[in-house]
Amino acid sequence: MQRVTRDVLVQKAISLLSAGTVDRVLGWKAGEFSYDVTPYVFKDAEALKADFVFDDFCGANFSKYLVKECGKSEGKVLVFLKPCDTYSFNQLLTEHRFDREKVYAVGIPCDGMADITKIREKAEGISEITAEGDGFCVKTLYDGDVKLTKEEALAERCLNCKSQKHVAYDELLGEEGEVIDSGRFTGVEALEAMTPDERFAFWKGELSRCIRCNACRDVCPACTCEKCVFDNPKSGVENKAIADSFEEKMFHIIRAFHVAGRCTDCGECSRVCPQNIPLHLLNRKFIKDINGFYGDYQAGEEAYSRAPLVNYTTEDIEPADAVKKGDGENA
Amino acid sequence: MNKKAIRDEIIHISGVNPKKCMKCGKCSGTCPSYNEMEYHPHQFVYMVESGDIEPLMHSDSLYKCLSCFACVERCPRGVEPAKIIEAVRLMTVRQQGANHLKSDAIPELLDENLPQQAIVSAMRKYSK
Amino acid sequence: MQRVGVFVCWCGSNIAATVDVKAVAEALKAEPGVVFSTDYQYMCSQAGQDMIKEAIREHQLTGVVICSCSPRMHEATFRKTAESAGINPYMVEIANIREQCSWVHKDIPTGTEKAIILGRAAIAKVSLNAPLTPGESPVTKRALVIGGGIAGIQTALDIADAGFPVDIVEKKPTIGGKMAQIDKTFPTLDCAACILTPKMVDVAQNDKIRIFSYSEVEAVSGFVGNFDVKIKKKARFVDETKCTGCGLCTEKCPQKKVPNDFNLGMDMKRAIYIPFAQAVPKVATIEADYCNMLKNGKCGVCAKVCTAGAIDYKQQDEIIEEKYGAIVVATGFNPISMEKFDEFAYNQSKDVITSLEFERLTNAAGPTAGKLLRPSDGKHPETIVFVQCVGSRCDACNEKGKEYCSKICCMYTAKHAMLTRDKYPDTDVYVFYIDVRTPGKNFDEFYRRAVEEYGVHYIKGMVGKILPEGDKLKVRASDLIENKQINIDADLVVLAAAIEPDKSARPLATMLTASMDTNDFFTEAHPKLRPVESPTAGVFLSGACQGPKDIPETVSQAGAAASKVIGLLAKDKLLGNPCVAGSDEMMCNGCSSCERVCPYGAISYLDKEFRMPDRTTKVRRVAQVNEAVCQGCGACTVACPSGAMDLKGFKNNQILAEVDAICR
Amino acid sequence: MRKISMDSLSALFEAISGTMPLFLPVDGKEGASYKKWEPGTEYSKALNTNKSAKDFFFPQVENMMAFKTEGKNIEVLDLKEDVGPFAIFGVRACDLASFSILDRVFLSDPVDSFYKARRDNAVIISVACSRPQETCFCSAFSIDAAAPGGDVECVMADGMVYLEAKTEKGEAFLKNLEAVTEASDERAAEAEQAKIRERIEKLPLANLSTDAFGGGKTMEYFNNPLWDELSANCLGCGTCTFVCPTCQCYDIKDYNTGKGVQRFRCWDSCMYSDFTKMAHGNIRNSQKERFRQRFMHKLVYFPENNEGIFGCVGCGRCLAKCPISMNIVKVMKTLGGADNA
Amino acid sequence: MSMNEFKPKIVAFCCNWCSYAGADLAGNNRLSYPADVKIIRVPCSCRVNPMFILRAFQKGADGVIICGCHPGDCHYTSGNYYTRRRMALLFSMLDYLGIERERTRLEWVSAAEGAKFSQTMNEFVEAVTALGENKRLEDLRCKE
């Protein structure tokens, strides 16, 4: 259950629209079921009243939409940003990907978003999902009501939330949260503790499921390239479908490398993967390494900060020692 | 053992590369036992390098070296002559019955005023 | 598709001994795009080059691959060859089958196989080459010389002589450097001051030369022909334009306890001083750390006595910004510290001195007015021992000394020994040497004179230990020829300390992006063929900053560096390196990653209107590369996630093609 | 009709595997996927596989031929593999219906020999959907999930699996399995099938109608202004097309192996910016055009050229997998106006 | 193929100013190293894109080594510092994916270090030979 209700957001949106502060609202639109919320640009109060939704299924990170949306009108667009979205927002600002003047950002608190894939593992034939106390009640077509705890229903990224603090906004609804000392690197550490053979087997199992649908890339707020190298025949690495086990590795290594130091760990890649590949484990490895090698750095925490890969010190760790660093920590 | 084998063994034991010597003589210039020695530190280095080791092994000079390491300390080329002398000594000691002094005889020779360091280096030299 | 010609060089037997050149030419003939392939004994010879030119014309070649020595040797040669035959010089690629193949592999099958693969890689690359045209940049017709010793002075005079303005930056209050401290010069024994000071005066009087004394280079940016340099003029608290150099202040200053660095601390100077009589500029300088006025505001004597009103206690460091077309490094050398050589008792006895200190002791303008007196008690030394190679020729692991030969010690020691015997025939002079190295004009004759005419005792062997005992220095050494240990009771010991580059060289090299060797000597662009140029274009080397040198060598290198500078400044425009970065605007995200890694600030951004594929227009922020400033490192190409940034001559697809060809 | 107890399914699978490779849905980290049966492999109870069954006939990547180069000589190598008989167990009605849609593309002239070889060699054992999900809407396309068809049709009820041959191939197939199956009352499955049909009628999307679509309305739909807002937030990823059982677009590409060229085809997606890119450039340059193409193809162009058959089978995969939850149902409801409100 | 016969394919990216010159010096001094090493000249080690490294493995390389100027000596001032960060992260990621860490290396070789170049290459080839064929980053299509 989210602290700020849908009605508060609708009211805020309508008042900003009527005051002329903004001329459209980037928000979540209700779908066919309890969970299939779609990002949508609302243009008037009627549409907002009818279709705007804010509940436990509003996981989509709107920051990336601003890249395209900002150019569409002279007026400002209202965007609702959850804490983790604000990091992407700042990162995109750092990279000059949208015009800050064209955006009115309203920060909204978030208590974690549900993961429909996880819920489906527990409940088949979902007719309705409602928040109930700290957990969820899922009405099913055949098995009656299924009760789920928060841990059973929330997305992994939310269970390991790194921050409830908004790092960018024009206006904040509700109370400001804090940066959380999350256990988000335990998954990475578990892998580091494995032998190389085990790690290889693990990643082979995961990455071999990739169907190269590009959902991870296309949803990623760090992947806003005008043209991705994997779509560009001139790049020499362009490919459409994985024709060989190498190519799925190539795609994911390069993608993770391209967003290294820029990835805010919003977790959208893992959320959207139709094959449930834990892609965040790649990005978090880079984040963990960057923190370990060059000092803590959180992409997007501060707009216009200098990303670790476009920076250096003369005393940086040598790659040979860097590779060994994971061993030492787990020895 | 032929000449070359002895030479290689000495180089192996000492861990010293006599080729690095530039023949400056600073080792001999610094050696406190110089005048006692028939063969001097720089000669040890040169003669080991050239394989002329027999005379060294039969010379008293082996036992005149104090192992004070002044030559090691001051050699600009890092040749470490004292280690070569030590190695030649070891080669001798390792030969059956070639030990200069029997270990049993040592206690009698000990002198109360003898510095501890001298005793230790004597042990190293004589009681192998 | 390119029409590629392949030319395999034998390099006499250098390549042909380990690579079957005919087989290489034959194998490469089958590569896609290759229309001509041949081999020849010396491709770089006139006949070889003619062969290339003829093949280009006859077979309408569009790309040329030379399988030969390193591109660092002859890339420029073959580019010119191609250009003269009418194709773009950048359509040439070199496969390095000598340094990186025939010389490092032993048998013919191995060498041949690798040569073929290297040839294939070059063919794959040249197939994707595009003609390149170098950009032009203007040349600022002014040179900067860093260091005002004899090297810097000679370089500056020679450049000025050709009509170009030159600035000298010297960190000390006067120019002159080490040579000004020296008494006589070998092998002619003429007085150093007599030959140096006229040159110093020439510098001062030359209207093309400006001297920034008591100044240091603070920052350098830009590139060949267009350097921007910041020079820090340290506050000397005396107005240079007003000071007449009368020296009254230096006599009246009450602070007399200032170690005189010009005499290597062997005597004292005042807090306001002029280093020596012939200093240029002849201007007083206040040693701020000792001046009572500057320290606690109590004194002001110098200001009172100065009739010119030149004293200015409020003077601040000043930053001067100037543009230069060329920079000459002439930062010189220093003797290494003797502190760590305990065996020579340098710290324990004042009578153990370095050779440079000996120079001051024998110099008429020195602390003893030229009389050879022991520093400890001012007595005349009767036995003098000279020790050579102190700290030179040490093992690489030896942390006290240097691995190299300092080159000048043999000769100056002979000079010292000879002069001592000449002036004071009653003294016994011993020189302990390892080798006496005298390869120079009249050098060995000079050394023999010291031995034969002046009776200097040269002893082959090294001093092992010096023990101060009473007023004597007990010198223990070995005589390797007599095979005996020698003990000498000496009155004075002179150590021929190794020399090392000045400490200011390392930070300066970083500013100039000039490379250095492990000993902090500047690296030359080529050890034989480009000895006075740094690998960084527009930066030249003069004097001992590049390696130990005596005066004649320094002066000749200074002249050589000057002629290189003149050659550069005489040009109105410089052709740049065409292998520079460029951004594909349609793919650029404007994210600034490239700008942040560019060491030259060559990248800027522009909001530009684009017609998008969907027929709309859009204003996008895109990167622009200033080709004159870009040096072509390629850091930006990897920072760019979209691959919009690429490097001409080393394009992504060219390198990938090389990778493919090698791994196939 | 034959029957076998649910508990003895592995005996059935073992018997099938004895004669030909058998593929069936197996649970994995991604959900269910078709895998080859081996002793110990468990049949997934999931309603449907994560990816559709089209992969059997139209795999995501397929090598077609190779060119081997030696210097300037080129040798052409045929890479077509010999396909032997194989069985697929557990195909749902929707996926089965998708095969006939794919057949219209790949088996019409010119016949795709790669596709045909696999199609001819497959024995398809369908399974009726006892528990259809909220995302299912096959009924909108007149597909009967209670009687899916195929070579052999299975209905699972009360711990038993009822198998009925629907083709000659199926009959022969079942005959081979008589040792592990028992004869059954021909009408034993009917009660379960009736129940299934009842369940389908109660699904949330049961009333979805296709009446508004079909051939003959091309320009009307093409120019509909609603495409703008429908497509506005489409990411342009290919998830919907890659999980779709009826999407059949592919690209043929060459890969330089260093020793020659390997020519392969791989799935393409009309959602991608370089889809249908030609020498002059691209014909659909905006996401809206690409988005429109996908749904126009399924709902308008395909029926227009194929006697009113829609290019969608209502499997619901795109509803479950789209990163932004935009899907064909929302498109149909938005464009279909009153019919679907 | 037995281990004894295995000849690894090694791609070495060398910066033009230091390491490529160092390789030339190794040649001048006849300091041998296995012919399995093939050098690609790049202006600076910072020109080496992780894509090049992966591409080499894809096309059949068994090891990839990048050589650049010593830190502080970059001809372009800072290029090798970026290389160092990029490769630290990339190599660590490859290790994380279970790829043998001995297959990748970054070494600083100056123009004066012909001996180091030769020694480095000898060591690297030995290490890669010990690992055998690159199986974990192979593209089967590129194998014979």
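Lettered A, B, C, D and E in written order, each chain numbered from 1.
The rule is simple: contacts are C-beta pairs under 8 Å (C-beta built on N, C-alpha and C of every residue); 3 or more make two chains touch, one makes a residue touch a chain.
As the structure is a prediction and not an experimental result, all values here were calculated from the model.
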item	value
Required steps from chain B to chain E (each step between touching chains, minimum)	2
Centroid comparison with chain B (C-alpha atoms), farthest chain	D
Most widely separated chain from chain C, with each centre as the mean of CA atoms	D
Innermost chain by mean C-alpha position	E
Whole-Å gap between the CA centroids of chain A and chain B	73
Whole-Å gap between the CA centroids of chain A and chain E	36
Mean-CA-position distance for chain E and chain D (Å)	47
Distance between chain centroids, defined by C-alpha means - chain A, chain C (Å)	54
Where chain E touches two or more other chains at once, by residue number	50-51, 55, 59-60, 72, 78, 82, 86, 139, 141-142
Shared-contact residues (touching 2 or more other chains) in chain B	none
Numbers and ranges of chain D residues touching at least 2 other chains	255, 258-259, 273
Pairwise chain contacts, counting only pairs that touch as defined	A-C, A-D, A-E, B-C, C-D, C-E, D-E
Of chain C, residues touching chain A in the complex	586-593, 596-597, 605, 618-621, 639, 641-644, 652-653, 656
In the complex, chain B residues that touch chain C	20, 22-31, 34-35, 40, 42-43, 70-71, 73-79
Touch list for chain A against partner chain E, complex	188, 191-192, 196-204, 229, 235-237, 243-247, 249-250, 253-254, 256-257, 260, 282, 285-286, 289-290, 293-294, 308-314, 316-320, 322-323, 325-326
Residues on chain E engaged by chain D in the complex (per definition of touch)	59-60, 139, 141-142, 144
Residues of chain A that touch chain D when the two form their complex	31-33, 35-41, 60, 65, 116, 120, 124-127, 141-142, 205-206, 209, 211-215, 217-219, 227, 231, 233, 239-243, 268, 271-272, 274-277
